[in-house]
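In the two complexes that follow, chain A is the common piece, with chain B as its partner first and chain C second.
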Partner chain A sequence: MENKSWKGWLYLLPAILFLGVFMVYPLMDVFIYSFEEGYNSASQTFYGVGTYNYEFVLHDPYFLQAVQNTFILVAITVPLSTILALAISLGISSIPKLKELFQTVFFLPYVTNTLAVGLVFMYLFDATDVTPGLINVILGIFGMEPIDFIDGPYWAKMLVLCLYTVWIVLPFKILVLTSALASVDETYYKAARMDGTSKWRIFRKVTLPMISPTMFYLIITGFIGAFKAYSDAVALFGENLNVAEMNTIVGYVYDMLYGDSGGYPSFASAAAIILFVIVLTITCINLLVSKKKVHY
Partner chain B sequence: MKITLDHLTKKFPNRAKNKPDVIAVNDFTFEMPDGKLVGLLGPSGCGKSTVLNLICGLLKATDGRIYFDEDDVTNVPAEYRGVGIVFQNYALYPHLTVEKNIMFPLENFKGKDKLSKGEMKARALEAAKLVQIDQLMERKPAELSGGQQQRVAIARALVKQPRVLLMDEPLSNLDARLRLQTREEIRRIQRETKITTIFVTHDQEEAMSISDLIVVMKDGVLQQIGKPQQIYDEPCNLFVAKFLGTPPINVFHGKVENGKLMVGKDEVLSADLPDQEVWCAIRPEGFTLDENGPMQCALHGVEIMGRDVSVVAVHPALEGTELRAITPTARRLDDDVETVRFRLDPEKVLLFSKQDETRIRCELK
Partner chain C sequence: MSNIMDFDRIEKRAKRNTLVRNIVVYGLLAVWALVVLFPFYWMLLTSVKTQGSYASEIVPKLFTMSPTMENYFAVFTEADLGRYFFNTIVFTVLTTAAMLVVTVLAAFAFARLDFPGKNLAFVLFLALMMIPNELVIITNFVTMKTAKLDNTFLGLILPSVSSVFYIYLLKENFAQIPDELYYAAKVDATSDLKYLGKVMVPICRPTIVTILILKVIECWNSYVWPRLITDDPKMYLVSGGIQNIRESGYGRDNIPAMMAAVVAVSVPLILLFLIFHKKIMAGVARGGVKG
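Moving on to the complex of A and B:
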């Protein structure tokens, strides 16, 4: 065994090289940049080393706005999309007929381009010269004042962004959950039924524990995905997100890198490291919680 | 409790369009006496599990009625029939401990039947003691052996004190040794609780060894009901004769001529029958090695199984490839013997009609 261990390393080499060059090295670089003040990528120069970048970023109102937006987005869309996906999957798996049709219908958003979906949402929410947007038309039927969802109040814009995000992430979760539900052995349900277990109790005591590993997977990836949200906001509100008050942390990093005039890689790196720490913390908490809640 | 099935029929729609329905259980009528262990026996796909599912209410009968004692339960939902069931794969909830698994049915009780936590624990412990797993209450199913898992499943089925206990292939997931042990265990538990128990099996040995009563099925049709020995000795048709017994019964093309039973050219016994062609089936233990015996076979080999010797031989009139005869080891066969002669025990020779394979009862000498 021992003299063959070099073979194992050989097999791992392509992956290690790839990850090292494209993942580990850039990560370390970002970490270093975040402490180098005024780093210039063209001239490869910087003024000094310290925590000034972090201080600047943490006091930047745009960054704080982005953090607030991101947290609201995460707090609303992750639970909402997971619960909604679970409800829809339960619905899909309990209907014997047209199951495939509904599965396909619910999966369609997944294969649709983000920007195309953004266009659809524009049509729904954005006012033009001819129409106040479909949603406002509907609101009008109920006698409500039209709301400017795209340039209007903060909550309206946030609502659209959340709806959009939920709609985008839903299909994948539905797909994963329907297959998880289908893989639960039928005899568990038979056994529970024979014992006169109520539907709700079967769901809570049998179905949910059985699919808990999948649920957990979806929640973790959901958190990470929502923290990394950016393109959704761009699709809805254009590239100038700071003005729209709809920026996200990743959006802020992007702006710092490429925005204005040439960018501020040091600030971008600091923001990226802060995001990394946030995601890491949340994921650790998730893992700890899951130890208690996820079975087998 | 007595269970009566009255012209019970279950049809499933055929998957292919315009084809007739699949009849899984066809006009099934019989009565299971109170407090007995009944084995539902048949080859796979014969509808025995369907019968079980009809009794417990997981399937709805197409036609016919089911009675528990005098109550018509045909349209009673599964949970109100008072039936405990042990599934083939046990269906223990993997995320719950043994104790929680056993308590699961009790936690569903509502209204006046509702039990306190203490009562539930006591009942669960009682059931666990009955199947001797009270030491394992805190374990998860994955930490148990197959036999222990089965006991938990039985305890869970018994804890709500059902009127009937049903078991679907209870031994098929166990290894050979555990199977022997567990079937004795099932017998003991059934005797102790005196609960009417029906178990499904495709293994005739299993059914023979522990059942009070065996019900043999084929293609959804009931073949024969009786005590194990009775079915073995007096099968009502060739299928039942072939299905019971290891090694299986040997079947020959036979003929009755002038009151003589002919197997091929050998005149083996005298039969009190009109001339006709018959299936002549002989149990392995019906052969006795005898140099002057009437039946001559080409010897293929001898398998020594300790107490007995199984003689493998070929006969021109045999249906199938080889015949097996079981004889005591008292006499040894020489290595160079090429033919053997057998004397037949008339009680172990059964005749069946060539037309419909039903039993022809007659005096053989």
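Moving on to the complex of A and C:
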């Protein structure tokens, strides 16, 4: 009935233009940049082709610091946020009333401005001339010495960053998990209860396998998201993350582009590609593990 | 006889156990709700304290008897918050509008039209979803800078328009509309564009509204690209603006005014969330990722 015509491409044209100029072309270009040595963005010239940019980045102490920070952040926040989200979602799905209220309240951080609310976290932990900060006041009740969370020891800063990251990423995970839990067929639970199966056993043998695809989806996206951490750190420690020793890989990429340290798109490209390779490797490992563990 | 007694006792115990468990669960959920809500309460509270009273509290008070609005006046007059708001609104409206046009047209082509190479094009589109922003942003930065579009709205908007996920979402929704409607329209000699505007868009309005809201949230909160492409404070959006006010020293000197700025920036999105929370949550649950 319909004749194939080229008119369809006309409707696609705007999307193709935007995606081509701002996604496909840059994607190819970033690889070229990363191998062009001594690229000058003002004159658009370069000296030669090689792996110098990668070598430079891999030997840059700021980059190594950023890699260390990012890996610690990932290792702490991904398991912590996933387990917390699971516990909270199980809680929500087990109560008879107020489910929607809790769901809505818990989702609120998702729509907030990361930079703005991060500032609130900063002040809660930060000491001023007068007060040691609300968190330190609370810790003091339990007899603990005040800790300088924002300008103090490395572990204290990392702790605040992890807490804020968990606070920011939980809403999405809780939402996805509660929907997954709600979609588990009630008859499985009924059958298990008929057989007098214990609660813990039902959780392990029925609930967990049923939601395992969602769990793995969350773990994979959680890893990817945590590796790209950046604005949370800016919100807490300001834009000069290298001085605060709190830079992340993505932060390093941007630092290479703008500001006082900027003007090096080649180094930025090399760092971005290294990040991409790390994320790709981790995602592949996740997928391999999930093939063995997930019940579809 | 004793069997019945046992049964009663077991049932009573089970009821008691459920009750205890529910109380514990409600308690824990309430604790987490407190953790989620407290930062919002604290920013609101601090924003209505006077600078003097805030600075004199060694142990921060958790309520205030004499709220003041002066911090809000201060931050809009002493800092450039009004300008940041204006920029963000212009950026959000134009980006969202452009995204809508591009998305509707592309989704229509994929869902309704037949053209050579359609399936391949769709697969390639989907593959683009996997490209991380961090990889392409570097070249975009160089491109826009070379085109002298840094510190302009055009430079802010153009790279933020396209969104493969929304095209996919809308295409799925368009595809559910029965073909008969299209053929009927064709018989009446309705043009494709008219059919799209008069039939498909109204039918899929809920999905389009969801996409619009998610895009508005994304635009309002965007920080990385605006920060890259603007170094003139006159062009900052709210995220960069907040950061600018803070780094200028204002943040440490006048924390209540800083919090007033944070409240002002957060309120529009919180209102949007209160009105549309069902739509937003349903949209995000379908695979939206934080922008």
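One rule holds in what follows: the second predicted complex is superposed on the first by the 272 of 296 C-alpha atoms of A that agree within 3 Å, B and C clash if a C-alpha of one lies under 4 Å from a C-alpha of the other, contacts with A are read in each partner's own complex, and residues count from 1 in each chain.
We take it that a residue touches a chain if its C-beta (ideal position, glycine included) is under 8 Å from a C-beta of that chain, and two chains touch if they have at least 3 such contacts.
Keep in mind that what you see is a predicted model, and the values were worked out from it rather than measured.
Contact with chain C, but none with chain B, is seen for A:L275 once the two complexes are overlaid on the shared chain. Once the two complexes are laid over each other on the shared chain, residue contacts for A:L64 go to neither chain B nor chain C. By the touch criterion stated above, A:V24 is placed in contact with chain C alone, chain B being left untouched. Measured by the number of chain A residues touched, the leading partner among chain B and chain C is C. In the superposed model, A:D195 lies in contact with chain B only, and not with chain C.
After overlaying the two complexes on the shared chain, residue contacts for A:V206 are found with chain B alone; chain C is out of touch. Of the two partner chains, chain C is the only one touched by A:V250; chain B is not. Here chain A touches chain C in the complex through residues 1-2, 4-9, 11-12, 14-15, 18-19, 21-27, 29-30, 33, 41, 44, 88, 91-92, 94-96, 98, 102-117, 119-121, 123-124, 128, 130-131, 134, 137, 167, 172, 175-176, 179, 221, 224-225, 228, 230-231, 234-235, 238-239, 250, 253-254, 257-258, 265, 268-269, 272-273, 275-276, 279, going by the rule given at the top. In the complex of the two chains, the chain B residues touching chain A come out as 56-58, 78-80, 83-85, 87-89, 91, 93-96, 104-105, 107-108, 142, 160. On chain A, the positions that touch chain B within their shared complex are 185, 187-188, 190-198, 201, 205-206, 209-210, 212, 295-296. Here chain C touches chain A in the complex through residues 21-22, 25-26, 28-29, 32-33, 35-37, 39-40, 42-43, 46, 55-60, 101-103, 105-106, 108-110, 113-116, 118, 121, 125, 128, 131-132, 134-143, 145-146, 158-159, 161-162, 164, 167, 183, 192, 217, 220-221, 223-224, 227-228, 231, 238-240, 242-243, 246-247, 251-252, 255, 258-259, 261-262, 265-266, 269-270, 272-273, 277, 280-281, 284-285, 289-290, going by the rule given at the top.
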